[in-house]
Amino acid sequence: MAGESAAAFLNVEGLTIRFGGLTAVGGLDMAVAKGSIHALIGPNGAGKSTTFNCISRFYTPSAGRITYDGRDITRMPAREMAGLGIARSFQNLELFGELTVFENVLIGAHVHAGRSWRDAISARPRGIVEHVDELLERTGLTSYAQTKARNLDFGHQKMVEIARALAIRPKLLLLDEPAAGLRNREIAALDRLLCELRERDGLTILLVEHVMQLVMSISDRITVLSFGTKIAEGTAAEVRAHPAVIEAYLGREAAQEAAHG
Amino acid sequence: MAVFALPPFPDLSIGPDMDLQLALIFLQQGIASGLVSGSVYALLALAIVVIFKTSDVPNFAQGEVFMAAGYVALYLFVFQKMPIWVVLPATLVVAFLAMALFRRFVLDQVAKSAKDLVYLVIATLGLSYVLKGLVRRTGFGDTPRSFPALVPTDSIMIGQASVTMLDLAIFGTAVTVMAAFFWMFNYTKTGRAMRAVGMNPKAAQLVGVDLRRCHMLIWGLSGVISAIAALLISPKILMTADMGSIVMLAFAAAIVGGFSSLPGAVVGGFVIGIVENMVGLFISSRAIVLAPFLAILIVLVLRPQGLFGGKLTIKKV
Amino acid sequence: MSSPPLASSAPVRRALSGPALIGLVAAVVVTVALPVFTSGYVVYIANLLLVFVVLCLGLHIVIGETGQFSMAHAAFYGIGIYASALANRAVDLPYPVAMLFGALVAGAVGLVIGALALRMRDIYLALATFAFGEAMQWVFANWDSVTNGPNGLRISPARFGPIEILSDKQAYPFVLFFCLVMIGLTVAISRSRLGRSFRAVRESEVAAMAMGIDVRRARIVSFGLSAAIAGFAGGMFGLFQTFIHPDSLGFQTTILVLTMVVVGGLGSIAGAIGGAIVFGLISEVLRQAPQYQEIIYGAILILFMMYAPRGLFAFIGDRIREARHGR
């Protein structure tokens, strides 16, 4: 346990979040290894998004500790996450709707655009514009660079969220239901992109997701939450066979059936 | 602007040597005058808040609706020599129609083409200019006039405060109107529909509320309440086309009350009325003008949700 | 494929195409030649319009870029007028120093207001800034020892070294120059990292936060900058005016500026400039018909909000496009 924590890139210990009298997450431990894709799954209301928002520092936990790259980030303000190399996307899309796709992604590079005085006053800071163009290329958005984000279809908007997060040049990418609402073709593209980010860019990715097709295909490790507590953790195969997981998702009967049958 | 706050002892120098006895008299007078003026501010604040609750628009023309209604009454009564029992209902009907039609034909169109608050606000500012311009155009506003008092203005003493019969009539009418409004809003079918629209317009529409009609009704009623405020106050003041600026006190009252709470608006109205009179009596009549703005600033900075508003909500992501 | 240059100033680029370009060239010719062939009155109006252009740029920063509803710009403008006039009187330095002083004082007050307004949104922000504006007007009218109260303050002539400005025609090149500088500055701010952070805050505060933008600082800074530009406009006013009265620094002026920005098209610099000129001219013409002034003014506001909320130029652009596509 201690060894695992030390090796973990992102480490969550005893995370507890209460809203009023309601405990949304109770004593969650989770370790995300560097360079892995880690999925956080569970039925509706399991506390996934709450955990996610705690790690990205939009919520502050009632108890527990979050460390990232050996650093305690439990009490740091959300706006400092980008500077540390933690990027996030939003479940319900929080795009800069009236701005172009290009500008959306350029704003993602905010923390890098102020390195020098010249960069800070430039509309097209050097080194950054090239990176933005590259990200648009990789996410298939090049031809929409000058389109207002609000005028894109849903699938492309989700890609803008990811491109914008990548412009932070993150070491840890937090994705909140990136595949929700996407069509099969788009999910396949997302699958390829995330794997490429892990293999080529060495990115660590934590995603909250409902789309099992994506989760099972790309995740190195999966943590399953139910009613605010961890009920299982392991590889896709381990989790899929875990009786508690089957019960949480399909009910008690199905779990028994799976056990006997 | 400080229409009621005529200090009863204007020549007394008020300084550190002011004795306790005098301070007590001032205090009583301030509260009595404050409750009277406050009841009118409360009416106007109610008119503002009922619109804001249901349309999310602060109606910056509320003061001019109030002013124009006063002039309609003045015109019918003084210039057309109509009997008072015709003048009063006629004024209320005109105010109702003007506001309902503005909502229906102007704001519905604005809301259709623009979602942002600033556009709706500017449209109401436009209405305020139009109304002011119309009244000036008639020329009635050139000489300041007063609406003849319908109730004797003899003074009576309550405790050590001097009030007139007219003051008591104003206070009584305002409280009655507010009570009637609250009854309507809370216990009638129409009131329930209005509350539903305020909480969730889409859901209200789904359960069969005619949104357009409901909005017209609310704006119309808000106009009626403003007109009543105008009828109550106009015997006490010199009417001019700029008398609508009194609405600032009502905005201050609404903000003190949380801006979306109807009881808050009423309490805020009385608070502002009393504070205004106290400032006039204890500090200086020059500072009266400043009082509502300071009240707005202080309340918003310390408690942006007002004294009666709920907790600030955190956006879910 | 790489994005075309000027990616972040698309509105400016759009405004510079086709008929707009011809209009711009004509405008430049008229602007430069103005004092040569017109009367002092026309030049006075031109000076005033240029001041309003700068005021609109100031309001654009806070409302157009950052999406914060300010109704206090007449106050910042007034602070700039009084501060630069008093500085000019107190010390014998070239007038631009006094202008900068006016901008700084207004900017500092703007920072404070921005900080106080941090927790407020929309209508609350509008009402708080409105109340501040009215309170400031009261201060102008009642702080007798500094502003000379309701009698108004005489502004001594601006001097640039040996040159003393005594007429509107003399002032015009300076007013025009400073206006152009402010346009340049606003475009630079808008295109910079700072401007992008303003727009990010306008579009989504939570996303801006996730991108590492300090939302609170962006809101305060935008208020400060916006107020400083309005204060600078106050200094420009002192270039050609000899007198300031608190009556002209009230809600009416704030509404005039707000209307200009909205009529031009909220969110675009070209719109703010165009709105200032077009609506400035309209309201000047309306002064010739005082009986109808308010009615027509109000009707214009209402009609614009009803049928052209995206602004005059977007409205004309849409009509031209419709005509071209044959409908």
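Labels A, B and C are assigned to the chains in the order they are written; within every chain, residues are numbered from 1.
Quick note on the criterion: a contact is a pair of C-beta atoms (placed from the backbone, for glycine too) under 8 Å apart; a residue touches a chain by one contact, two chains touch by 3 or more.
All values derive from a computational prediction rather than experimental measurement.
Chain centroids computed from C-alpha atoms place C closest to the centre of all protein C-alpha atoms shown.
For chain C, the chain whose average C-alpha position is most distant is A. Annotation: 51 Å between the Cα-based centres of chain A and chain B. Here the spacing of chain B and chain C, counted between their Cα centres, is 32 Å. Once the centre of each chain is set as its mean CA position, chain A and chain C turn out to be 43 Å apart. Each of residues 317 in chain B touches at least two other chains. Within chain A, residues 58, 90, 94 each touch two or more of the remaining chains.
Residue positions 206 of chain C each touch two or more of the other chains. The part of chain B that touches chain C in the complex is made up of residues 52, 56, 58, 106, 109-110, 113-114, 116-123, 125-134, 136-137, 248, 251-252, 255, 259, 286, 289-290, 292-294, 296-297, 300-301, 304, 312, 315, 317. Chain C makes touch with chain B in their complex at residues 63, 69, 116, 119-120, 122-124, 126-128, 130-132, 134-135, 138, 142, 205-206, 255, 258-259, 262, 266, 291-302, 304-307, 309-310.
In the complex of the two chains, the chain C residues touching chain A come out as 1-10, 188, 191-194, 196-197, 199-200, 202-204, 206-215, 267. Those residues of chain A that touch chain C in the shared complex are 56, 58, 78-83, 87-88, 90, 94-100, 102-103, 106-108, 110-111, 113-114, 119-125, 129-130, 132-133, 142-143, 145-146, 164-165, 168.
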